[in-house]
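One chain, chain A, links the two complexes that follow: it is found with chain B in the first and with chain C in the second.
Let's turn to the complex of A and B:
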């Protein structure tokens, strides 16, 4: 039976039901596209979400060795593009719908995630390592050798991988 | 004070909205499931009676004169609520040649309810906030 019919029949039998919100609990569908959450451990600051966001809600800036991933809800249209294109699954839309904010909060109504760089074990250069989520997506089996390589900056990693091939 | 407990009137204007927000707003106002009038406010058909103005849409060039007319007719004090991402920041329509928004260019906005469209409960949240601000404004006016 379609959802609509179910509700219509229930209303016929029990009378219309007013949602108790804001005085009580409300019903939230699991698939509701509400405010989003960024997992800084999985994010690699690749910038894909910033690129695909149709409303320019996401900005990734760099402060000394830390990437700051900011989403401004007041312009987000909750389309879910960022979640769809994120290669690591770091950004997810939750079903939190509480978006009402006062004008004073307008430009502070954001979510911020900090993605830190690490030091390359070989040359000491700072870089953002591939996250575990990205490795899982790229390789069928993530073993220790692969994990070792993520501690090296892209340049050193290339060198090391090449050496390994011809040793 | 009796004037504070009086039911504030809500007035809504569509400034070129895609209808998404209007459907949610109509849902919030009219169907018994959400029923925003439980908060003690009533809808009115005239901006001259309005205490709380609800605006949907990104202020298209064609709708701008109507918005300005409504803003002119509002009695003081009034509270402005931007419903949806469009009036708040123009969202995906930002920088379009036919868009003259966001709303804050024309009037001091009090509450923003972003969402494309916002969920009825979020609109209720926004109206509840607006009611608080309205009471505060009435108190300060005296």
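Let's turn to the complex of A and C:
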């Protein structure tokens, strides 16, 4: 009995161990997987996140000249698969875990990122350019020639790159 | 005079949805019949509708307490089919995640034991000590239960100096608490009165029924997959198998506690000797057609995965055998002859996971 008595007395002296949350502070580690943040500048609307999301929480739809990247929190299970597989690092799970919402907000409780297309400098076709983050992943050092190429649509880019070979 | 008593399927003392039909004579159980299947979720079918990357997460959701072992065994099956070599560092990191989960899972089951024998202050004390493991999981992997540590060809996380230091510090905090609580579980008269000689599973029956995990080791059967068929980094880390001879609830309790200590040692050893190298391959592999069977030692016992692929993005068939499946039948040996009030305690002592069994 003495073993447990010791613990009991120590606990009495120590006071409660539970956090007073939501009225006070609680322990929130930096790496906690909570609501996610999508950086539209880094995202290239490649659809990888949509593909690997196990619960189908991510939808990428296209409106005129802009891709809409929507994450539904009532479906998301905060697994972090999208963050891990995103080739450009555009998705980050933040440590904001406040996901209580009313039934009324059910269809509005989302994160939306807009990825707009740009006009091809050569032919005027609309397309999504490769982001800086993607270039950094693809090339050991990103120079201006490569950056110039991102302003062209895939078709014109191919043409230009081919021409360069024979100049 | 004999009476029939139903316990379950949803009963406060059981914690899991299962139905016991009990024949009583006086206070003693004469016979028991068990019926399950109340929470079937069709996950095996669902796994065939999802691609290999989605299944990393789906398999993790089969059960929250063995939630690391399911994707772990699943990725080993995928890697076997695709012929992928995992780096040494990734293998060590897999072991770290797995042993952290084992400590938390065992301690949860042990605190449930304290709850079922009515020793509530002991239960809260065990849970509070376990909270250290929950903090580690949250700080390193980002979630209290589903760590999402494994991916095909490696792991999704890496440990830097600071994180290693943090884990070591928290383990140093945990270990004296564990020692203190272990003493109570092993020697306190209330615990002993409710566990010694209760729910005995003799060694012959354990062998005959093929029980797995701590249930088998509590009856003196050495079947630890980590030792018998080492995977990941277990052949380098040398696990000491914990065996007890009693075969009763007390013996299984002892096995779990001693395994908690062993796992603490393993985590320490793995993170202080982390080999250098990449944690995951750069290129996402193609999964060719093939078949594989892999197994691992989950906190509850041996977990087996069978995977069949046909070269497409999704498995053609996936099936798993979970530890509770085998341990379940042993209840027919353990329960008869005991008091009615011991049924829940005995049931808990196999560390049942209905959520895996009825996936």
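One rule holds in what follows: the second predicted complex is superposed on the first by the 151 of 167 C-alpha atoms of A that agree within 3 Å, B and C clash if a C-alpha of one lies under 4 Å from a C-alpha of the other, contacts with A are read in each partner's own complex, and residues count from 1 in each chain.
Criterion: a residue touches a chain if its C-beta (ideal position, glycine included) is under 8 Å from a C-beta of that chain, and two chains touch if they have at least 3 such contacts.
Just so it is clear, the structure is predicted and the values come from calculations on it, not from any experiment.
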First (chain B), second (chain C), both or neither touched by A:93: second
Partner chain in contact with A:8 - chain B first, chain C second, else both or neither: second
First, second, both or neither for A:26, with chain B first and chain C second: first
First (chain B), second (chain C), both or neither touched by A:54: both
First (chain B), second (chain C), both or neither touched by A:75: first
Touched partner set for A:17, first chain B, second chain C, both or neither: both
Contacts of A:158 with chain B and chain C, given as first, second, both or neither: neither
Chain B versus chain C as contact partner of A:84, first or second or both or neither: second
Contacts of A:103 with chain B and chain C, given as first, second, both or neither: first
Overlap of chain C and chain B interfaces on chain A (superposed complexes): 17, 32, 54-55, 77-79
Footprint of chain B on chain A - complex, ascending: 16-19, 21-23, 26, 32, 34, 54-56, 72-79, 97-103, 106, 109
Chain C-facing residues of chain A, complex: 1, 3-4, 6-8, 11, 17, 27, 29-33, 51-55, 77-81, 84-85, 93
Residue ranges of chain B touching chain A (in the complex, touch as defined): 32-35, 38-39, 85, 88-92, 94, 104, 108-116, 118-126, 128-129, 133
Contacting residues of chain C [partner chain A, same complex]: 50-51, 53-58, 60-61, 121-122, 125, 128, 135, 138-143, 146, 148, 151, 156, 180, 183-184, 187-189
